[in-house]
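Have a look at these structures, which come just after this line.
Same chain, two partners: chain A is paired with chain B first, then with chain C.
Presenting the complex of A and B:
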């Protein structure tokens, strides 16, 4: 299938890019690696008039430590993140997540971290050809009023299958968003709307500049299940973080459990996470309880729309969270 | 066979360099002057009456050159057999599945053609659709085809007699039902076709095919033009696996558009079209009832299989028979009764596929494992007790000449360490065994034989003509290897002209595993005949008897005095100067029972040779997630004689990927009201290279008395034993016999949990008893 026609704009620097976004707004889409955007365009799911390429914006490709944080430029290739020592040391969950995205060739030549975070939600009733979607009513995400994944749903239940976002939310990451003459920083766990049609709380003239991950002695891990070992989205995944207390090294001061590929956004499970505060780092029993609690909370969000069976995906939350917690807690 | 120079060697394929370097041209690459883009309008409804089609808006769109509908087809119906002609190339009255062809468009570019499709207004009246074969069979009133009561498309009944009596004699009987969902091929090359009519009214067609002559005949019938005016041209092909065996409605539509516009037209399928609108493998529900004696020998077996055939017949009679035949060839049985039902549903059309029914083959073998378990013998023993032997007749009366089934079992067992591992592996670690057999060809009537022509050029090089097509399995190399060997030339001296209905003679095609056995054989005979002519001339020059001569490395020489030689090139020139032709022909027709017919008379000699094999698989299952890690697969296959071990190993590995790793673990379709949810490569989980286990290939040679050099079918059938090897290994790992395929992690996990619950209950019951 051919790509629909569009104007291709190639700004030479950040300022130019923001200018173009301010002019074209909804008519424009930002093209980074294209592994999500171009596939959707070929399927006829969207037809932007303008593509603004980030090809020349090398200034958005970096990994640096600054003020107790890791800063990663939005256009940084996934392969650079995987290779980064500071990410491996201070944000292992992200490193593990990036290794699972697409395949090695995509990590090297195409995929960027910004693109992975901003990839659209997916649903096996929506991510289909025009032909597939014809012959029955349009769903919410396709401009209609029904949901094929959940009966009588008043909104879109498409699923966020981003590996990167799940890991980053566990890491307590923030996003820096730019628009002409404006910059704002938002916590990743506040970045999502409650609707799968437009899952990200972001204006059409905004550009993701970078991702900020605090360096605070926390340990993290990322686990996911898929059918294949590459070129596959997760059907369920978990990002976890445990930060030992400064005073008592063997106790947990803060834990963050995030379950992905189960809802419209990665799900930060506040209760399950806080249940680990004060627990010992080798308290497997507490981990198991937190994992089960994660499963109970996260499962209510899930619908059958990304393959496998819903029952199986839900039942896998607990083992993945548990494996993640054990791995993170035992990290040296 | 040591006196061969090329045969039996690991000669790299003549076509591989062009393919891996992207230089080989496939149908979609073809560009002809003034060529138009064709697109097909398909039904978005699973079952709907077509009330009206209005093409006026589409025709008015600038750039649209032609629109065709069922009205342009004169109601031509297609079916592989006279009694299965149930499919119109463009539907007139009703659409029977989501994807059924309702119109075609030719336009100056793809964008225009797609817009034109949207402008074709089809008025449908939706009809109740049936997706479940058992429901379809139960219905007297909801008929997908009016002439087929209860939606039964094909019923194959095979009965050797004495089944009841032998069940009476049996020491142990069990009956089990196995299910498998449908599967797709995912050819590397999505379907494509280019068609044009030339100035002489000849129809030229380029398309992936499993036999060009199988395409030309229906096109000749449909367009009412003689066969010599239908030229199916040779082109590189990216896979068939049973899914390219017949004419495709797109071939006809493309030709019709070409006729109407008087321009070449190209149709290229999307990946989705290739999945839903070519063919799929049948979903099956199979019940095996087997009775054995005390030692585990099968005395009686009754098998009933319900196959979800989709909307049309396709190769129905063959597809309904082959799963049974593969089983009856692999195993001895005193008596057997088979009832196979192929049932119409409002789903995509099902045809032949390499694995021939994972629910069927796995059912037979899993049940053998269950019986062995009951009798306290191991899976290897029970197979050896029932394995096919040379000199046997199959249940349907085919004589089996070469057969090394037992040798494949022994060699696979030894290499995999099965005996040391069986029953001794740690928890959730398992090993399983499966066997296979497949026929080398089947009765094809007028198209059962192959003929080849060889002409020498004055430079001493040769052109070989053969109807054999190469879908990717290496047939072209096989022909070149044979011709070069027999003519004493180097592979690069041979120019192969093949799979072109204008220049090459009739051939059975490559879908009944018969290319080497019949087509290769014909080339061998033609080359021998040609060589004989050269020897006659050379003998005069060298002043010896032709019997004393041999040919190798472009030379003809005296076998016992190799110094006495003459270049082949020189012999050719001498022949031509002496008014002697240096061309020859050769043909091969397998001696099969021509009265054998799939439905009416399924008895008699099926083909001249059968292949046999064994696959053993070792796995580890993660009890928390149900995910399977495959540690090793070992395939031993009786191939008759290995013409080229390098190519064979590729076939072995492809079979394990398709039948085992993909077919048993990840590949299945998901549906919503007849709509295929996962038609693309992202969503249908074909395994990747990095998913594959270590594979041990063991070539076993039984030297078939009829096959060229002793060769017969080789490698394709491993897909079946691989399926069972995987299934057996997972069952062994978790201690539960699984009966629903593929074995996805959710099913494996559910089986583990169910077993744990059962054990817990038993333990509790025991405790209560003690109390």
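Presenting the complex of A and C:
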């Protein structure tokens, strides 16, 4: 498969990269590992005039502990995150999620955490070859006015299938976005637009710099369901976090349940999460109720557009959340 | 789009080549340098038949721009054997019947070679995990896993090995 033509730019430092983004704006795309971007370009879903490579920007590849947080550079390869002791100890959900992305030979050395977060939403009516799409009227995401996934939908219902984002949202992560002369920090919870066409609240001249995960004694886990254990995207996944209370070590002070691959963004289920506050860490009944409540809430967002049947995907939410909660709560 | 001259270090040989920015490493290997061992199958990073090493790590040549491969040490399946002697891994693939149509074999060899460099004595689970990104439609994988295990640690009682004959 051939790639469409583009100009390749290789900035030597961050400043130069931001200058180039400010000049080219929506004509440019940022190239990190390329395992998502180049596939979309090959399928004709995207034809940027300019690719700005992060190849020389080693300053965006790091994992460090700083001020009670883990900071991960956006261009850090997934293999480095999986191998990181501090991520395993303090953000196990992320470690588990990165391990599930793609396959070792495919993404772990080229694929980056920034690229995983910023991957475009997917839909099995949209992520197809030019030839396949030419047989239909264009859908919302392709510039038309139809949604094949949900009848009479007035907007795009593509699904966010990022493993990394689901885990990071459960971990309460923040993103640092840079543009020329400006830096802003945004909660991952608030980074999504609820629009399947442009799912991320990010300007074309902005660059993801790093991801900040708080270290606060919380325990986390990530579970996913996919057709195959490697290569595939999740068709439903869950990231959970439980933080024991400082005063009573066997009680939950804060819980976060996030269900992914079921909507335009990972879904933070506030009600199900708050139902666990004050519960004991071994209260399996409370976990089960929270898992069922997660299923009821998340199922309302899902459409049939990433494979398998919708019923199966919905009914698997509860077991995945329950498994995650049990594992997180029993983590030492 | 203008052609650009780049230098690639492939199998310890420098190659100067004129490319377009949208040429993938696989396009350059196969079409410009006649290193046709690496295969293109899916072209979108799923099947693994284009796997090559960049600085010792297995990557998909079909999803790596040739521009991005500058400065890296690239190894293709052509670089596995010595001049007239196959590597242990290649010989083991032959001895165990791990090759049928052969299309996936270069990718399998490169993924397995990277595994054995990192972990010289992998168990079956580690082998299967390392090869999870490579698809084979002929062998059913069992012979491939046996071949890699045998290359790592030759067993005298290896059931299928033809090297004893």
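Keep in mind that, in the parts below, the second predicted complex is superposed on the first by the 330 of 332 C-alpha atoms of A that agree within 3 Å, B and C clash if a C-alpha of one lies under 4 Å from a C-alpha of the other, contacts with A are read in each partner's own complex, and residues count from 1 in each chain.
In this section, contacts are C-beta pairs under 8 Å (C-beta built on N, C-alpha and C of every residue); 3 or more make two chains touch, one makes a residue touch a chain.
None of these values were measured; they are calculated from a predicted model.
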| said: One more residue to check, A:53. First (chain B), second (chain C), both or neither? | reply: second
| task | Classify the contacts of A:109 with the two partner chains as first (chain B alone), second (chain C alone), both, or neither. | result | second
| said: Which partner chains sit in contact with A:38 here, chain B, chain C, both or neither? Use first/second/both/neither. | reply: second
| query | When the two structures are overlaid on chain A, which partner does A:124 contact: first (chain B), second (chain C), both, or neither? | reply | first
| query | Now for A:311: first (chain B), second (chain C), both, or neither, which partner does it touch? | reply | first
| query | Once the shared chain is lined up, is A:134 touching chain B (first), chain C (second), both, or neither of them? | reply | first
| said: One more residue to check, A:217. First (chain B), second (chain C), both or neither? | reply: neither
| task | Identify the partner contact of A:7: answer first if only chain B is touched, second if only chain C is, both if each is, neither if none is. | result | second
| So which bits of chain A does chain B touch that chain C touches too? | 1-2, 103, 229-231
| field | List of chain A residues in touch with chain B within their complex | value | 1-2, 103, 124-125, 128-129, 131-132, 134-136, 148, 225, 227-233, 307-309, 311-312, 315-316, 319, 323
| message | Could you list, by residue number, the parts of chain A that touch chain C in their complex? | response | 1-8, 10, 31, 34-35, 38-39, 42-43, 51, 53, 55, 79, 102-107, 109-110, 229-231
| task | Report the residues of chain B in contact with chain A in the complex, numbered from low to high. | result | 42-45, 98, 110-111, 270, 272, 624-627, 666, 670, 672-673, 675-679, 682-683, 685, 687-688, 690-691, 744-746, 749
| Parts of chain C lying in touch with chain A, wherever the complex brings them together | 1, 20-24, 43-46, 48, 51, 54, 57-60, 62-65, 67-68, 107, 110-111, 114, 129-134
